[in-house]
Every structure is written in structure tokens, then in C-alpha cells.
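In the two assemblies presented below, subunit A is common to both, partnered first by subunit B and then by subunit C.
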Partner chain A sequence: MRNVGILGVGQTDFVTKRTDVTYPELVREGAQLAFDDAGLSMTDIEAVVVPLAPDALIGIGNGERWLIESIGATGKPVMRVNNGGATGASAVEAAWMHVASGLFDVVLVAGADRVSESLSAQSVLNKMWDVAYERPYPQNTITMLAMSAMRYNHMYGADERDMARVTVKNRRHASLNPHAHLRELVTEDDVLNSRILAWPLKLGDVCPSSTGGAALILVSEEYASRLKKPVAWIRGLGQNTETFWMGDRVGPQALGDHADADALAVAFDRAYAQAGITDPTSQIDVAEIYAPFSSVEFHVIEAAGLCGRGEAPALLAGGAFHLGAEGVVVNPSGGTQCTNPIAVTGTVRVIEAATQVLGRAGDRQVAGAKVAIASAIGGDHQFYSTFVIANHLDPIGHP
Partner chain B sequence: MNFDISKFIPIVQRRRIDVLMKERVDMVVITAGHQIAGERIETASLEELIFETVSTAIAKAGIAPESVDAIVMSGNDQTDGRIISCMVTAGPVGGVGKNVTTIASGPEHAFAYAYLRLLAGQGKNAVVVGWSKPSESVFPEHAELVSADPFIVRPIGMNRIIAAALQASVLPEAERSNAHSESANDPLISWPLTASDCQDHADGVCAIVLESREPGHVDGGAWVRGVGWAMDRYDLGDRDNIEAGGLTAATELALKQAGDSFGPIGTLDAFAVGAPNERRLAQRLTHLLGDDKTESFPSIDCLNPDFAAGLFAIWRAAQRVMSPVQPNAPHFAAAAATLGFAAQGVTVVLMSDLSEV
Partner chain C sequence: MTSASETAPARFYEQTWDLSYRHALGATVGVFLDGLRDAKLLGRQCPKCSRVLVPPRSYCDRCFVETGDWQEVANEGVIEMMTIVYEPFKGLPAPPYAIAYVLLDGASTALLGYVHGIDLTDVKSATEQLAIGKRVNVHFSPQPKGDVTDYWFELSDNEPT
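This part shows the complex of A and B:
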């Protein structure tokens, strides 16, 4: 199998709304940043993968066709991935396949989202559920994850203050990240006193609707060796799929449990097996994991094997997972909870992981980071995508 | 405007299939497939059709559901009436617990992606699924309309037929009218396309099983010798509408993989909206492949479920080399399909019944 690396990355600053650019222009912004970072131009790119999840949010079907000229992809192979919220990461996996197949040496992943362009993102997202059964509740991503949070708290004795601690950590991290959308520091009481959206989730627990673009460039080892530039290597990757039906994660016949993320754990295991990770707690330095709401971060940390089930809240309360703490730092960028441009959120997770292992993360840099993981979640906690990224191709050992 | 789109493709050292064969590296072969299609299927839901199609395809391939390594699928959210349609279809395709990827730009691209997965050594098999069931949509033309940019193309009421008509209107007269002309039984739909020039809306699901195998003989298999895909400019006014956008680039990419030993192709299945455009696509592709005597099968005589038509064309072409029904059946086949308004993108698939050079 060919080794595949990340040569260049780019992300715009994420905000609530951009009225100065169209969707194709926003994609171009992210792509240009990646070109500049890699020292390449579109002429060097052999194929393009576009992450674009609910295109209803940007108001145009198959928007990937609209952006062709904006990035200069006329005449090139272009395909679009849509795995819900996991799209941004699944697109990186798709680009990895392009290079690993041996057919391409340089592939661009470029996308953008304008979540707040729709008048009500949650009304749009309600339309992802079954027409007759779950849509009329009405189900949306907030009520869905409220159920998950309730179940997790019930199973493992966590509470709303535990959830608030996640927000406080992520906001502190985001304050150090110039690209992050929500960068203001908050206290636990700020979160606990914020408006309830769907108990136990409050405004302070949830992600924003973000607008911005992101891109990265994958290259083969042979191509990278000619450039002699530092490359973040994708050492392992995995995907897995959970049941669509919310009701199938409840009761004695359940395929899963809303408290846990067992299907995500399988996706991590697949990536770890490829990368040679046998003890995530000691072999990983940074985790850029997809957790749009505070409550989600707990079971993603556990699915990644960074601690046991139900242990994450107590570890966080004890100071773990913070920048500067011993052990794995979780979401030093502020994570999805502080920036969520849905189509490229997974791409940003991979970009942040790559940036960390290359030692280029500025104020949010985890000292000595060599190995990072990234993950994304799509649908109703249904599609999972995971990566192991390192700054070397040597066997990943123990410290 | 006339320009050689192939100049946009950088010349790189690509992995040629004939080199892979000499190295005994695994190649990709279509071992089975299944399709269900009808003008308006009211006896089964989309999910039921998908389940039946995929189940039948993997059973034909002799693969147990638990042994499927990856599933790549494609549909159109707006036509399906969901904003992330793959969520509800991931179950019927058998995706729970598996690697599922939705390639939303088109089922032909999903086919290309499954091929890339296997060349990359990610699993020994992959199932490609494409679907479309416009009969469940109140007004499928609306789904087409929202796929047009909101500033220029959408306000003029663009849809696939109007776009195809614009494309056909610039063809030389002999090419746009050699089959049909307006009559009482064949009314004009959008000049120069008459009713019989246009594929009707249709429902259907197509599933194709790809496997990674050592070069050799596979009973009833179609070896994938090359896959190329490319996009052209978005706006109709910005490009040469006589050509199917990206055809030259897509063909070049596919031929680079197939190597010099590929061909001559004996059979071609092409899909483009509108009979004149489809004839033009078939003619240009056979010319690019260096064989103007290829037998071409028009899709106009087949059911072409709206957003899955390209995968149906690939499956039709594959079957011609998988199950030869006549002594002099062709050894090499090609499929080509367009997607988007007036063929903004083209995919070309080259296949053969033999892996040997």
C-alpha cells in the first residue's frame, strides 16, 4: 500500500455569516490557502474531492458542480462525498483512496459550508429523518443529542456541570485558535445559566452554525519525496455505520445505546489496526474529535479508547484533556463545539490534527505532538470516520 | 468556444493496468449485478427496492452479507425527499457495521470510487448502489430546478430537458434530426427534441459487485480496465455545448489505465439526456477510442432512472462482455454517461472479458 501524506492545509476564519462571497468563492478561499501552504497551484492537482453534506443548507442541489470554475477544476476528475456530518472526513478518506490506488499523486479536498444561510438549520435537518415515523416528533439534531446526553448521564452518573466543563475547556482552547468561530471564554455558571434548548442541553452546550471554507492536499510518498517539505502522514483510517433508527438504540433488542458510541469505537479500532496503535492512552498526543455538543465529547473520548466507559467526566474534572495537561489533549482547536461548518467540519478535524503533528498550531500547539487522531460523526450518530495522523512513517511506539 | 480540454490534465506517471497485470497485482472485476426498474413502481418503497436489488446482486456474486467489505452508494436527496438520503438507505444496502460512503455527485462516480478502494487494497469487494425513484416525488422537475445556481440558471426555469435541448440545438442539423422529427405522434418537447428523443422519468435501483482478484479468468466476469471521469464548466454559455463536457479528459484518464493493449471495443453503452446528444457522445467516444465501427446501444430504448442512469449504462455494457450470447461476442466494452445540466460531467468505463493482455 502506498503511503499518503497531507502536504498543505487551509481554513478560513469561521463566522456566522458571510455576505461578501458566494459558495463557490468561499470554497476558493479555502483552496487557495491550501495551495499557498503546499506551494502548489491548481495546475498541479490531478483530482478533486468535494465534501458537501446537506446541500439544502446552501440552497442548491449538487453544489459541487457550481464550484468547478472557482477552483480551476475544469477538465479534472471531481467527485462529491455526502456522509452527513462525517462528510468532511469521509472526503479525506476518499481522497486518500485516490492516491493509495496508485492512479493519482496529488489530490485536493476542498469545500465550504454556509450553515446559517438557511433560515432555520434545524428545520432543514429535521428532514433527514423518516417521513412517517421520526420526522413528525419533530426530531432535530438538538433533541436527538439531548436524548443521548440524558442516557449518558443516567448510565454513568454525570451531570450538567460535567457537560459545562467541556464547554469551558473548548472555549479556552478556541480562544487560542484564530480560525475558531466561538472564541469568548465562558465559565461553568455561564453555561449552566444559559437558555435551555432541549434538556439537558443548553445554549452553552451546543455548537454554532458556522460559515467558512477548508481544504487540504494529499500526496503520495513519491511525490512528497521530490518536494522535500514536511508532510503529515495518514497512518490509519476507518469508517463504520450505525443503525438509522433512533428506536433501535433503545430496549432489550437494541443494536446500540444512545449513551455510548460503540460503532465509532469500531471505526477507531480499524484505524488503530492499520496504524499499529495498541494503547491509545500512551501512543496518541492529540485528539481532534467531532463533538458538536458538550455531552458528545465524553463518549467519543471513550470510544477512542482514551479512557474507560463513563470515566471521561471525572478525568476532565481532574484536569485531563486540557492544553498543558499530561496525556492526550482533546480538541486543542476548540473543536466542533466552537466551530461547525457541517460540510467541512470533519476536514477541519483532519487539518487540525495534521497541523499539530507538524508543530504549526501556534498558541494551541500541543508540545511535542507526534501522533494525533481525528474523527467525524454523520447523520443521527450513524456514519463514523476516523484517522491516525503522524509526523513520521516509523512504527508508532510507546513513549 | 473551442478548446482542447485534455490540456488541462497534467501528464503524470499513472498506474497502468497492463503493468499491474504483469506484476500480478490484484485487478478489479465486476462479478455480478442486478437492477430493478420500471416507469412507475408503486408496489415497493425506495428502501424495499434497494434492499431487494443489493441482496440479489451479492447473492449472485456468492458473497454473504457479512462478507461485504464496503458499500458505495449514490442518490439525489431532493428527489428522495430527504436532506441526507443516505441515512435511511444505509440500512437497506446492508451498511450497518460496514464502511459506507455516499458519492453524491453521481452513481458513475460511486462506481469509480469503489474501483479506487479496491485498487488501494481496502477490502476484497465493494458493492456500488445507485437509485432514483422520482415517482415518490410530487414534482421531480423541482429537484432539477434547485440544482441550478440561484442567480442565473434557476430563474430561467432550467431543467435537464431544456439544457439537453440547448445542447442539441447547436449540433449540425444532420446529427440533431436524423432519427426523429416533429409529428402528431411525436410532439416537440423543447426544440429540437421531440418526445421520442427524450428519456422518460423512471424508477429504479442498480447494484454492481466489484471484487479484487488476481488476473486470470473469472467466469461471467467483466474486468475493469480503466475508469475516467471529468467535469466541464458549469454554465452552458461558457462552454462548447457540442461536446459532452470532459469527455476527452475522462477518456484519456481511462485509457492511461487500460494501456495500449485495450481494444478494439466491440460494444458501447452510452447515456446522455436526449437522443441526439447521446448519439454524439457515442460517436465521439468511439472515435477517441480509435474504433468507429463499434456497435452502440441507445439508452433511449431502455429505462433510465433519473439520477442512476449512468450506473445502469455501465451495468448494461458490463453484461455484454460478462455473458456473451453470441459466438462472436465482443471482448471489449465501454460505457459512458453524462451528468448535470447539459453534460457538465462525463464518466467513461472500459471493460473486457479477459484480464490477459
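This part shows the complex of A and C:
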């Protein structure tokens, strides 16, 4: 496999609604930003991967067909990737395989989302549960993660105030990120007093439905060596899958627990092994991890090996994971909790990780960042994608 | 100078996707639904790892073999996960309602269902009553509709052992 670098990235500012552009025009905005950043144009692109989540979320049947002209992809190989919430990261993994395999030297990942155009998002998401056994119940992504949060809090003694601290941190970070959707500062009490959706999740714990576009351009090491441009290198990546059945993730015979993200931990281990990371707490500077709700951030931090099981809430309360703190900074962009354009949320995680290691993150920059991780989650906590991204190709050392 | 696109009023096209489906549920689900009419919860056991899968599936995902014997599991068990929903979602039932995954005695995996018989007005009190580890009994509809909402859970009178 060849080394693969991220040569250019682009993301629009994310908002609730965009009434001035169509879906393809939004994809084009993100792609154009990535072209400008890379110093390339569409004529340089050899193949395209389009991240696009379930059709019904944006009400467009096979939207990958509609956007082809907007990014000049006619006459080039194009594939769509859909892995639920992990879509935007899985698309980058597919593009990585295009380049690492030697088939292509320059590959574009470009997509967009406008979830707020749906008035039925949770009804759409309900349709991913089993037809006979579970869909007759009002199962959706909010209830699914509410049950995970209940179980995590029960097992590790965390509570709603611990969850509120995640929101407070992420909103502070998002206030420093011009692309973020929810940028207003909030207090713990604001979160605790917000209306209950599905206990213990309140409005202050959950992500918005975001509209915007994102894109990045992957290149081979050989191609990058001909350019005089800094490149963020994909040093490791992993994928893993959890059982479909949430009820199989509890009880004494379960292999993984719905309170934790055990399959994600394996995906991180795979990426770490490839990148040569043996001690995540000392070798990683930044984590841009997919956590749409406050509660999710705890078990993702733990699955990434940034602390032990059940330790994340107390560490956060003690000041860890915040911008400016010692150790790994978690979601300096404000993360998925402040910006969730579903199809490209995972792409934005990779873009933010690359931006950090290239030292171009502006007010949200983690000082001296060299190594970052990114991750995404799709399905009912079922599909996991992970990345290690660094600003060099040397062995990843210890500080 | 402002462009036409900056001054134009926002325009919308509204559409409802009216999609109808008739999903075949398969023979294994059929046996489970028939059991509900007789107030029985049936699982299927894996011949290799011996897990009793509830709800029943025709294959074991770990051993990748067909499951074998049907096993009736107890009409009581323990709450493993739960939530109480207070927010209305379009196309989904009116709140509040409680749902839980319950590990029934004799089963290896947990079954989703509504929890009835609890006052959900006060969330703190309701979540304490439905805490993980609490025991529940299964109740069956006297007029079964032929789907999985023909059963539900209610708190057991018995305290956890």
C-alpha cells in the first residue's frame, strides 16, 4: 500500500437552512473550497467518492446522480458510499483505498447535507430497525442513544451534569470555529434546564440538523512529492462493525456492551497498529471524534484509549480534553454535537484533524499539534471508521 | 452591488413521499407472533453456543449456523436498558411513553417492549422505578393484533433478588 496524503480540504459554514442553493450547488461549494485549498481543479481529479446517507433524509432519490455535473465528474469513475452516520468517514476510507492501491493518484471526496429539509428525520431513522421485532416501537437514534446513556451512567456512576459539561466544552470550542453551526456559549444549568427529549437526553445534549458541504482531496505520496505544499498524512485507518441487535449488547453473554463502544475500540486499535501508536494518551495531540450527543463523547474517548472505561466524566470535570488543557484535546472544532450535516459529518472530522496537524485551525488550533485522530459512527452504533492523521511520515514518537 | 440570487425571495417545492410497503416477515417471526397469541415468548437456541436468541432468529450470528430448538422463556425478566420519551416525533406515537430492553429469564439476549403501568409525569420518579436491574413481568394483549406490540412489560411485584 502507498502512503496517502490529504492535499486540500474545504467546508462551508454550517447553518440550519440554505435557501439560496440546491443540493448539487452546495456540494459544489465544498468541492470548490477544496480545489482552491489544494491548488487543483476538477481536471486534475481522477476519481470521485460521494458520501451520501439514506435518501429519505434529504428527500432526494440517489442524489449522487444529481450532483455529477456540479463537480465536473462526468467521464470519471464515481462511487457513492452510505454507512449511516459513518458515511462521511467511510467515503474517505474508500478514497484512501483508491489511492493506496495504486489505482489513482488524485481522488476527490465531495458531499453535502441538508437534513433540515426533512420534517420527518426521526421517522426516517426509525426505518433502520428490524421490520418485525423493533420497528413497531418508536425506536430512533434519540431513543437508541438515550438507552446507551442510561446504561453508561448506571455502570459508571455518571449523571446528567457530567453530560452537560460535554456540551459546555463543545459549545466553547464551536464558538472559536467559524464553520460550526451552534456557536453560542451555554452553561451547565442551561443544558440541565432544557426540555427533555428522551431521558436522560435533553435538547442541550443533542446535535442540530446542519446544512452545508464538505470536500477533501487525497493524493499519493508520489504525486505530493512533486508539489511544494504541506500535506496531512493518513497514517492509519480502521473500520469495524457491531451486531445489528441492540438487545444482544447487554447481559452476561454479550460480547460488547451498548453502554460502551467496544467495536469502535477495535477499529481504533486497527488504525493505531497501522500508524505505530502504542500509547494514545501520549502520542496523540487532538481527537476529532464523532459524538452527536453529549453522552456519546464519554465512551468514544474511552474507546480511543484516551483514558480507562468510565473515567472520562471525572477527567472532563477536572478540566481535561478542553482547548488549552494538558493532554489530548477532544473536538476542538465543537464536534458533531455542534455541527451535524449527516452525510459529511465524518468527512468534517477528517478535515478538522488534517487542519489541526497542519497548524491551520485558527482560534481553535491545538498548539503544536502533530498527530490527530478522527472517527465516525453509523447505524445503531454499528459501523465505525477511525483515522490517525499526522503532519509527517516519520515514526510517530513519544513526546 | 447585490446579485439577483441575494435579493430573490426563498422559493420552495413541498412534497410528501407517500411510500407503501408490505414486508414479508418470514417463518421464524411467524412462530414468535403465533406464540404471543398463546401468551408465550419463544426463542431459538443455537446448537453450538447454546445461546437462546430472543427475539428468535433463524441463524446464530456468532457461530454462523442455523438455530435449532424453540425454547419458551419466562414471562419475567430484568430491565437492561430503558428510556422515557417526552418529545413528539412526526410519524411516531404521542409521548410520553417508556420503552425498555428486558433480559427474560432463560434468554441470552434482551427483548424490546413498552413498559406500561408507570406514572411518567415525574421523570425522576419514573426513571428510578424503571432503573436498570428492576424486574418486570410480561403482559399479553387479550385482543392480539399479530405484531410485537401484543406484549408489554409491567413492573414485577417481586423485588430484585
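Here is the rule we go by: the second predicted complex is superposed on the first by the 398 of 399 C-alpha atoms of A that agree within 3 Å, B and C clash if a C-alpha of one lies under 4 Å from a C-alpha of the other, contacts with A are read in each partner's own complex, and residues count from 1 in each chain.
Operating definition for what follows: contacts are C-beta pairs under 8 Å (C-beta built on N, C-alpha and C of every residue); 3 or more make two chains touch, one makes a residue touch a chain.
The structure displayed is predicted, hence computed values, not measured ones.
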{"item": "Clash-or-fit label for the pair subunit B, subunit C on subunit A", "value": "fit"}
{"item": "Subunit B versus subunit C as contact partner of A:Leu52, first or second or both or neither", "value": "first"}
{"item": "Which of subunit B and subunit C A:Thr243 touches, first, second, both or neither", "value": "both"}
{"item": "First (subunit B), second (subunit C), both or neither touched by A:Ser333", "value": "neither"}
{"item": "Once both complexes are placed on the shared chain, angle at subunit A toward subunit B and subunit C, C-alpha, multiple of 10 degrees", "value": "80"}
{"item": "First (subunit B), second (subunit C), both or neither touched by A:Tyr133", "value": "second"}
{"item": "Broader residue contact with subunit A after superposition on the shared chain, subunit B or subunit C", "value": "B"}
{"item": "Touching partner for A:Ser295 - first (subunit B), second (subunit C), both, neither", "value": "neither"}
{"item": "Touched partner set for A:Ile142, first subunit B, second subunit C, both or neither", "value": "second"}
{"item": "First (subunit B), second (subunit C), both or neither touched by A:Trp199", "value": "second"}
{"item": "Which of subunit B and subunit C A:Gln356 touches, first, second, both or neither", "value": "neither"}
{"item": "Lowest inter-chain C-alpha distance for subunit C and subunit B in the superposed arrangement, angstrom", "value": "5"}
{"item": "Subunit B and subunit C footprints on subunit A, overlapping residues", "value": "56, 59, 130-131, 243, 245, 255"}
{"item": "Touch list for subunit A against partner subunit C, complex", "value": "19-20, 56, 59, 119-120, 122-123, 126, 130-134, 136-140, 142-143, 146-148, 150-151, 154, 195-201, 243, 245-248, 250-251, 253-255, 258"}
{"item": "Sites on subunit B touched by subunit A in the complex", "value": "5-10, 12-15, 76-78, 81-84, 86-88, 90-91, 95-106, 109, 112-113, 115-117, 119-122, 143, 146-151, 228-234, 238, 246, 249-250, 253, 257, 340-341, 344-345"}
{"item": "Contacting residues of subunit A [partner subunit B, same complex]", "value": "1-2, 22, 43-44, 46, 50, 52-57, 59-62, 64-66, 68-69, 73-84, 90, 93-94, 96-98, 100-105, 124-125, 127-131, 238-245, 255, 263, 266, 378-380, 382-383"}
{"item": "Footprint of subunit A on subunit C - complex, ascending", "value": "5-6, 10-12, 15, 17, 23, 25-26, 29, 32-33, 51, 54-55, 61-62, 80-87, 89-93, 97, 99, 101, 103, 108-114, 123, 127, 131-133, 147-149"}
